[in-house]
Amino acid sequence: MLKIRNLNVHYGGISAVKGISLDVPEKSIVTLIGANGAGKSTTLRSIVGLVKASEGEINFLGENITDMETTEIVTKGITLVPEGRRVFDNLSVLENLKIGAYLQKEGIDENIKMVYDLFPRLRERSWQFAGTLSGGEQQMLAVGRALMSKPKLIMMDEPSLGLAPLIVNGIFDIIKEINKQGTTILLIEQNANKALKIADMGYVLETGTITIEGPGKELLMDQRIKDAYLGTSKK
Amino acid sequence: MSVLKIDNVKMQFGGVIAVNNLNIDVEKGKIVALIGPNGAGKTTAFNVITGVYNPTSGSVFLNDKKITSLSPDKITKLGIARTFQNIRLFKNLTVMDNILIANHLNVKSNFLSSALRMPWYIKEENHMRKKSEMLLDKLGLLGIKDEIASSLPYGEQRKLEIARALATDAKLLLLDEPAAGMNPHETMELTEFIRNIRDEFDLTVFMIEHHMNLVMEISDKIYVLDFGQLIAEGTADDIKNNPRVIEAYLGVEEDA
Amino acid sequence: MMINNNRKLMRRSLTVLIIIAFASIIILLDTKTIGDNYVRRILNLGAIYAIVSVSMNLVNGFTGLFSLGQAGFMAIGAFTVAVFTVPVELREAIFYIVPQNPLVANIELPFFVALILGGLLAALVSILIGMPVLRLKSDYLAIATLGFSEIIRIIFTNMKTITNGALGINRIPGIPTMWITFGVAIVSIIFIVLLINSSYGRAFKAIREDDIAAEAMGINLFKHKVISFAIGAFFAGIGGGLLASLLGTVDPKQFYFTMTYNFLLIIVLGGMGSVSGTIIGSFVVTAGLEYLRIFDEPLTVLGVNIPIFRAGFRMVIFSFLLMILVLFFRQGIMGQKELSWDMIEGWFKRRKGLPKKGKVDKGGTI
Amino acid sequence: MSFETFMQQLANGISIGSLYALIAIGYTMVYGILRLINFAHGDIFMMAAYFMVFSMINFSLPWYIAIVLVIISTVILGVVIERIAYKPLRDAPRMSIMISAIGVSFFLENLATYLFTGVPKGFPDIPFLTQAANIGGISLSVATIVTPIITIILLLCVLFITNKTKIGMAMRAVSKDYETARLMGIKINRVISTTFVIGSALAAVGAVLWGAKYPSVMPLMGVMPGLKCFVAAVLGGIGNTTGAVIGGFILGMGEMMIVAFLPLLTGYRDAFAFIVLIIVLIVKPTGLLGEKVTDKV
Amino acid sequence: KNDSLPSSETASGDSDVIKIGVFEPLTGENGGGGSQEVGGIKYANKIYGEVLGKKVELVIVDNKSDKGEATTAVTRLIEKDKVVAIIGSYGSGVSIAAGDIIKQSKIPTMGASCTNPMVTQGNEFYFRACFLDPFQGNVMATYAINSGANTAAVIMQNGDDYSIGLGNFFIKSFKELTEDENSIVATSEFQVNDTDFNAILTNIKSKNPDVIFAPSSATTAPLIIKQARALGITCPIMGGDTWENPAVIDVAGKDAEGIVLSTFFDENDPATEEAKSFVEGYKKELGDSEPIIPAVAALGYDAYLLVLDAIERAGSTDGTAIRDAIAATKDFEGVTGVINFTDEGDADKNIAVIKTVKDGQFVYIDTVEVKQ
């Protein structure tokens, strides 16, 4: 569904992503792990056109989207749940959801219902300004907002960041649920353990290049990954 | 002996009671953790301690001296330093400058004598630089002292923020989610780091964290906050098995 | 090692040479061996603008306080010099509508005393203003300081018995030598540079970068903001005093809030947070504005009068250049960097087309 | 002071206040979305007045056509300025955009001085607006009566647009976060242009009503109203439309009342705006209706 | 100690042109009037383009109606362009501001229409071709009283030497002539850039004066006039020389009808031979661009001729020599009358022209002669 070939991204003179290639098959969960600053977020941002690739090709459903505008890419059915939630705190919960469906002409109400069913908490808080929600609630809203555009591919950048363990579990349940309903997922996680567990495919990014790739379960067993990302001190 | 004592503190924003009748004692030389669901009021508690907010009621004591409603800079001078949930370094300045700035609170010369480079100021400045280099050396950051803070990798930035807090000569260190955004491996390294500085600098550490591995491993005592209220306190084992905490915060670990 | 030492020596001697050359030029200008009063006037104006702009950069660029009150503080300095240095016997003629208040009518101070007094008064007023407004953030601080600057101007417009109201004061004794403006400029700028590079300067930068973190590091925000603000006001007052003496005439209208924009432009042109850039910017703007006067004069090419060259065209060109600058050279002349030998050598090499070796400097300059 | 004089002064105050309010809405809208103090707003207003002079005097158009034309050309001017001077600086530090705005303001003023000379031009007489009415000893022109009404109507329109429509929602989203707004598929440039369309149209309406009242058109005519209306916008809490209108009324009324009741302080009339502003900011650092900004630490 | 600047001799002595500086506002508040004055000067230069066998070249600088800018502009004329004499400026404020530099550089300067006493006071190098504000104030007060006024209100612009000066001289004369300290029922000052005079005028209306005297720039005048009429004020409104500007009629429209102003010159009543040929020639030059010859143009013309005449008589371009020649001017027949200079350097004029506006035109009412 999404094919990336030899992607290079620069910030000014600094090269953040150095020629990576990856594939996201339809209806799968693919996860991208790696240390801080490895270039994970940059990869996602370049897929949706928030940063421009300096080299390489991004292909979505057979179409080259490398040089498209963000708005256009979003129209094609990709959305990003950005790092740090980024909900519109001056808009109510309901408005945040509506703005998620900005490009949608119809079916908005059903979508809202679908999101509310997924996150009953949001239904309760429908009129609250998003800025006053707790971190976990904001994260739910960010995911819900992304779902509003009925994306074919939803990309999530560290959705569990700063969340309480209970909520983290909840988020992973929801990712599985969304995927079950047919949405393809590209996930960035620091919590490599949990991510690899639910992933069909995993890629490990190190300073801008992919060093290891393979099915999630396999990577979970990989000694290099255990050492570098999973932490060996299991009590 | 308790270094920090939070006595019946309540913090209200309009209709929201973020912290309610909070009582906490942090003992000298210990590592104490504050955990709880998102929005429970943990950061708010830190903000009250450090003087960012004035509590609606209640008091905070540092070494039995009341510090409630002092301004943040005064509280830092009295010996509490902190880091922030979202890193707040002086981004465009060098590592060394970041550390030197944290030394400024001890500068005795006034602005005139420092601009005019009076001998006593030059002495202070030299002393400050030497001290900062020693600190950076101890924390293994000396090699990057001339780098611009924002160009550092995330983990180093976290470390630098802690180093900067230490440079104020504070004895009580408040860390707000130091491991946020770190993977389990990096988190483990951080655990070691915090333990080491506690011993090296003779510190008391009070921290907020959601990474349970870190918290359970390192804390001498844990306080659990929910809806602004303390729902549990105790050692790691007490907390892990406390049903209220599990229900409100930990959830059931699926497995290993 | 050897090469490095040689280089250092060469740089040092070059620096000394440049300082000597600079001093000689001023001496030659000053003794009227070269140049004319017009050139001297423009250079003096440039030096005055440099004082005010650098001090404004201290506040806006280094401390991150968005203050637009410079014109008001200049007015304080300018009127102090005007009120106290005009010879007593001329006052009656100047205050011909409403006589001057007897309290000040007979006080005549030496220029430097009046100048410093002007600076101090400006600083004092800035502290009084700073108490309430320095708590405000960015745009709100900007408009509040701009407002105070206007209030100062309006008060001067109405204090007829002291400032002669909106008529202003003329016949202010002139500046006898360029060393006064340049001397004051050099001393002021060196003072500000030393301050910026002291512990206090670092504290200012910390406040600029992140005031909450700065406060958490034990920096008393209010105290440091007030220091920076008052020093900025002090030097603005000094600049105003020099300006009064240079122009020989002051009236409140000159210190309209739009005057502050000029300094803002200079700072941005020179590079926000760069002292050397600001100094260069000051001279470029003052000299440039005069140079552009050719656009105001009728131009005849081959006997045909080109109609677009007429009064006002200069300012159109000026504002156009300004827009180009803001849009395409956002960093200004120097960015955040200071002029240094490394940089000059860098230019030199590039000119000669020598291959840049080693580190490429990280962009920034134009 | 007689009752008549008092009522007359009151009417004077409402009339100038509502003009300030009208122009302040434009300021506040642009600020609300771009966080940009659009220093050029007063000059756009000035250009609108010149457009009116040209269309009615030089091209002898009837006033109703002229007004439409003026609104259209002012809107074009506003959008062009946004495209040329602000759009390229979308990701630049705010200071740069601000300087750019000052630059545009300088440019328009100088250009107008150069093209139209400093000599004031008479604002064309719109008979319908300048008709004088005498109500119980109080002299009012139709413009004076109509202005507050138009201001309130336009305020309601703007409030409706920003709070109840999709584009309004997009405006609010863009004002918080360009990048995430782009992710939602919002064409932020279009949204920002729309803001300038509304803001400039309001400036044009303001210019027509202003001209009917103060029929002297000159290159610097926008400076003082520009500054006052900006103060009005800040007073009300910049970014808040209702606040801007309240701020405008307070300023207009206050100025008139100073001159009316304290003739000795007439010289301080222009200072009034700033004194009120500073007092309000000291008590309420973000203006009367401004959103409270607490830094989330 | 005053070893002034490279004197003008070396500068233009050996070249074949003589440069005369024109120091006028071309932009800013007084840009309109300044341009009119420059028109007259340029025309004079066209007619009389030579002196001492050399071509006269005008160097025109814009002082932008700004005092600070004015000093720079004058310095530039003297130092960079090395002019031997200067003409200007419209607007007394800028003239006063530049006075000191002129005095120090010893460059004779001829004001055309700057009427404030301060311009020439104590400055032996500054002269002027027009009458003064005390005189003008007296003229207008006299005229007001002669047309039946017992009370007056005065509106002045704070910060404009001209407006404040003239206003105060009017007040003084009016009180003296009516022998009533309370005959001035209201005085108000407004600020630069003010456009709204409703509050001031409402107060004045409640005092019900017989006449309003509002010396002000041509920019402000029509606003005051229009707003006064809109408030239902019906008494005569009077101003000074600045008002004889087409902008006033253009902007104030039908409300300008009936205003009264004093000025220097009337094209329908040429006082001298020179005036006749000037009116004829300059009318042609102006074409349709101005309905009548602006008085300031006539003064500009005179100022130029006065300077030229003095250079001729001095036989040199030395500043002091020219100055002395100007001071010695005897019965010079200019366009605006016969000119001699007082010890202060002011044209010794004792007539002013009173005009009003009728059917959208400035029309002559009277010539007033006042013995000072």
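General remarks:
For reference, chains read A, B, C, D and E in written order, and residue numbers begin at 1 within each chain.
In this text, a residue touches a chain if its C-beta (ideal position, glycine included) is under 8 Å from a C-beta of that chain, and two chains touch if they have at least 3 such contacts.
All of these numbers come straight from a predicted model, not from anything done at the bench.
Looking at which of C-D and A-B shares more C-beta pairs in contact, the answer is the pair C-D.
Compared with chain B, the chain whose C-alpha mean position is the greatest distance off is E. Separating the centre of chain A from that of chain C, both taken as means of CA atoms, is a distance of 51 Å.
Between the Cα centres of chain A and chain E there is a gap of 76 Å. With centres defined as mean CA coordinates, chain E is found 36 Å away from chain C.
Each chain gets a centre from the mean of its Cα atoms; for chain B and chain D, those two points are 48 Å apart. For chain B, the set of residues that touch two or more other chains comprises 52, 84-85.
Multi-chain contact residues of chain A, defined as those touching 2 or more other chains: none present. Taken residue by residue, chain E touches two or more other chains at 26-27, 31, 35, 158, 191, whereas all remaining positions touch fewer. Interface residues of chain C facing chain E in the complex, by the touch rule stated above, are 32, 36-39, 41-42, 45, 90, 93, 96-97, 154, 157-158, 165-168, 170-171, 174, 243, 247-254, 290, 293, 296-297, 311-312, 315. In the complex of the two chains, the chain C residues touching chain B come out as 191, 194-195, 198-200, 202-203, 205-206, 209-210, 212-221, 227, 231, 336. Partner chain A is touched in their complex by these residues of chain D: 166, 169-170, 172-173, 175-177, 179-180, 182-187, 291.
Contacts from chain D toward chain C in the complex involve residues 31, 35, 37, 84-85, 88-89, 92, 94-96, 99-100, 102-104, 106-107, 109-111, 113-114, 117, 223, 227, 230-231, 234, 238, 267-268, 270-271, 273-275, 277-278, 281-282, 285-287, 293, 295, 297.
Within the complex formed with chain B, the chain A residues making contact are 33, 35-37, 132-137, 158, 161-170, 190-193, 227-235.
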